[in-house]
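Chain nomenclature is as follows: A, B and C, assigned in order of appearance, with residue numbering initiated at 1 for each chain independently.
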Amino acid sequence: MIALLLRDMTLAVRAGGGFGLGLAFFLIVVVLVPFGVGPEAAVLTRIAPGILWVAALLAALLSLDRIFALDWEDGSLPLLATSPLPLEAVALMKALAHWVTTGLPLTLAAPVLGFLLTLAPEAYVWLLASLALGTPALSMIGTFGAALTVGLRRGGLLMSLLVLPLYVPTLIFGAEAVRRGAEGTGATTPLLFMAGITFGTIALLPFAAAAALRVNLR
Amino acid sequence: MLSVENLSVARGGMPVLSGVSFTLAAGEALVLRGPNGIGKTTLLRTLAGLQPPLSGRIEMAEGAGAYASHADGIKAQLTVAENLAFWAEVHGGKLTDAVFEAFELTELRDRLAGTLSAGQKRRTGLARLGVVGRPVLFLDEPTVSLDRFSVRMFATFLRDTHLAGGGCAVIATHIDLGLEAPELDLTPYAAAWDAGGGADEAFL
Amino acid sequence: MSIWEYANPKKFIATTTPVIPWLFAAAGVAIVGALIWGFFFTPDDYRQGSTVKIIYLHVPSAMMAINTWVMMLVASLIWLVRRHHVSALAARAAAPVGIVMTLLALFTGAIWGQPMWGTWWAWDPRLTSFLILFLFYLGYVALWQAIDDPDTAADLTAVLCIVGSVFAVLSRYAVLFWNQGLHQGASLSLDAEENVADVFYYPLLLSLAGFVLLFLALVLLRTQTEIRVRRTRALLARSRRAAPEARA
């Protein structure tokens, strides 16, 4: 299992764009927002939690179709399926590799971008906490979506359509935690809800993803 | 080691082969023959457990089979050694120098797989079979894009290392590997056009 | 004699064909009757005036939007467990009906909301939930459309339906939490059931029965169509296989 994780991370680094692309996209979206809504600091402060979360979510979405597509194209996937690794573990490790190369850098970069959007000072710790807890769920749900659409020739767009509605609860609780953190009103509750979703998806979705992979490999 | 009894397989919901039976003991190989589209790949995928059979029985020790298809599963951004080390680790096997020697990869071991020629890449993909430590091999056209010298090298590996070491192999190929292996022509097993059992059967 | 016999495509078509016209007729009578009863023989609400009468379309379509998803979930589970093709095709057949019901609920809601709240749309938890449900339906239908092999499509959409159900319920609670978080206590409740008087209640019930009948008729008809499409496909595939032998 660790071998798969290390391989995927090595590939992400060597192929270029593993770490970089998502981060660059995150930055660009956040930079574009003030151009759209105007430079007023008060407005930006108000919408910063939501913008940061939506931008992070879209940046995570960007690299989802690479999770299985590359292994599908070069024939690694059937070889992994016939290896001693259970497909559930493959799905979990793939999600973990995606998180390490996408979710983790996004989380670490978010405070810097929060600065650009004049995020309320009290909210930074909640931004870090909610992204650190929430992005694993984004990766896991995305892995499930990628497993569903892996055999399709143009699966990327369809996958976005399938995955985005599944992102709704995570987004709501994540952005709500930051917003409440900024206002100083009980951000713990949404954070706990989101942690519940994250742990639930990590516990259950590998099975759904593996089932989808088996069907697609048939 | 591998016993197949009255096996029927389907592709895209339609039966393609029916009534295939054979047994392989340790050290034996079987070469599958037949025209394109007869169902060699489907049969091998079914034997490897990637798709369920329509009917019939496959008896094999759990986790004994390894599958190799037209696609190698070799990552262009990893070196030859890294590629093989990955598959060795996934299968809990060891990557030894003997494997590099058997497939003439010793000098290429630190080259990125993306810079290899098609034949060299194919050799790397076949060398994977040497590190997975699986006794039953299912090989789908293993000699594609290999030159005559490499084909002989691969046949030598199969005969002297794999089969001599107590393994067995089912191979779909259209060229002569130089193995003294029995051949199974699949043409007589082609499913009749009105054979039942496919996913569409309920609708006919 | 077990209920699963009706899962045989031919038996299913033979059994449902005589039923479908009656279902359509009964649905028509119930819905038209309920609308006439509701529009002309019930008083205007003292607060909402005549706008309240859209309730006879709004509430049944909203309920059917959710019930359709539940039916798809049950059919998907049956397909995964028992591998009856009719079940998978029924789930596929129901999805567009669900989409129409969801859209109907959203549009009638907007028409009702405009005079009542002064806005066509508000990010009220209930409205938002239906919008999200609509997105789930879209994804489900898109996945069916995208996959060529019918059994693969049936399996994958069934898995999506199950996972989607869990997330749809999660979204519902998340949205409730989110909106209350935005404006404390303020709520534009659409919950007409709680305080609806008897005089509105009975026509509403009749309309609801009509919608259920209409749903049944549409799903049975559409399932028949799906079965016939699948049968055509199977026959074509078989004739392609038979052709070389006929020539030989």
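Observations, loosely collected:
Keep in mind that, in the parts below, contacts are C-beta pairs under 8 Å (C-beta built on N, C-alpha and C of every residue); 3 or more make two chains touch, one makes a residue touch a chain.
If you're wondering where the values come from, they're calculated on a predicted model, not measured in any experiment.
The chains that touch both chain A and chain B are C.
At the far end from chain A, in terms of centres built from Cα atoms, lies B. Looking at B-C alongside A-C, one finds more C-beta pairs in contact between the chains of A-C.
Centrality by C-alpha centroid: the chain sitting nearest the overall protein C-alpha mean is A.
Distance between chain A and chain B, defined via averaged C-alpha coordinates, is recorded as 37 Å.
With centres defined as mean CA coordinates, chain C is found 48 Å away from chain B. The geometric centre of chain A is 31 Å away from that of chain C, both derived from CA atoms.
Listed for chain B are no residues, as none touches two or more other chains. Contact of a single residue of chain A with at least two other chains is seen at positions 218. Chain B meets chain C in the complex at residues 12-14, 193-194, 199-200, 202-204. Taken in their complex, chain C has these residues touching chain A: 132, 135-136, 138-139, 142-143, 146-147, 152, 155-156, 159-160, 162-164, 167, 170-171, 173-175, 177-178, 181. If you check the complex, the residues on chain B that touch chain A are 45, 48-52, 63, 65-75, 77-78, 82, 86-87, 89-92, 128, 132.
Within the complex formed with chain B, the residues of chain C that make contact are 8-9, 85, 149-151, 227, 230-231, 233-235, 237-238, 241-242, 245. Within the complex formed with chain C, the residues of chain A that make contact are 144, 148-149, 151-152, 155, 158, 161-162, 164-166, 168-169, 172-173, 176, 179-180, 190, 193, 197, 205, 208, 211-212, 215-216, 218.
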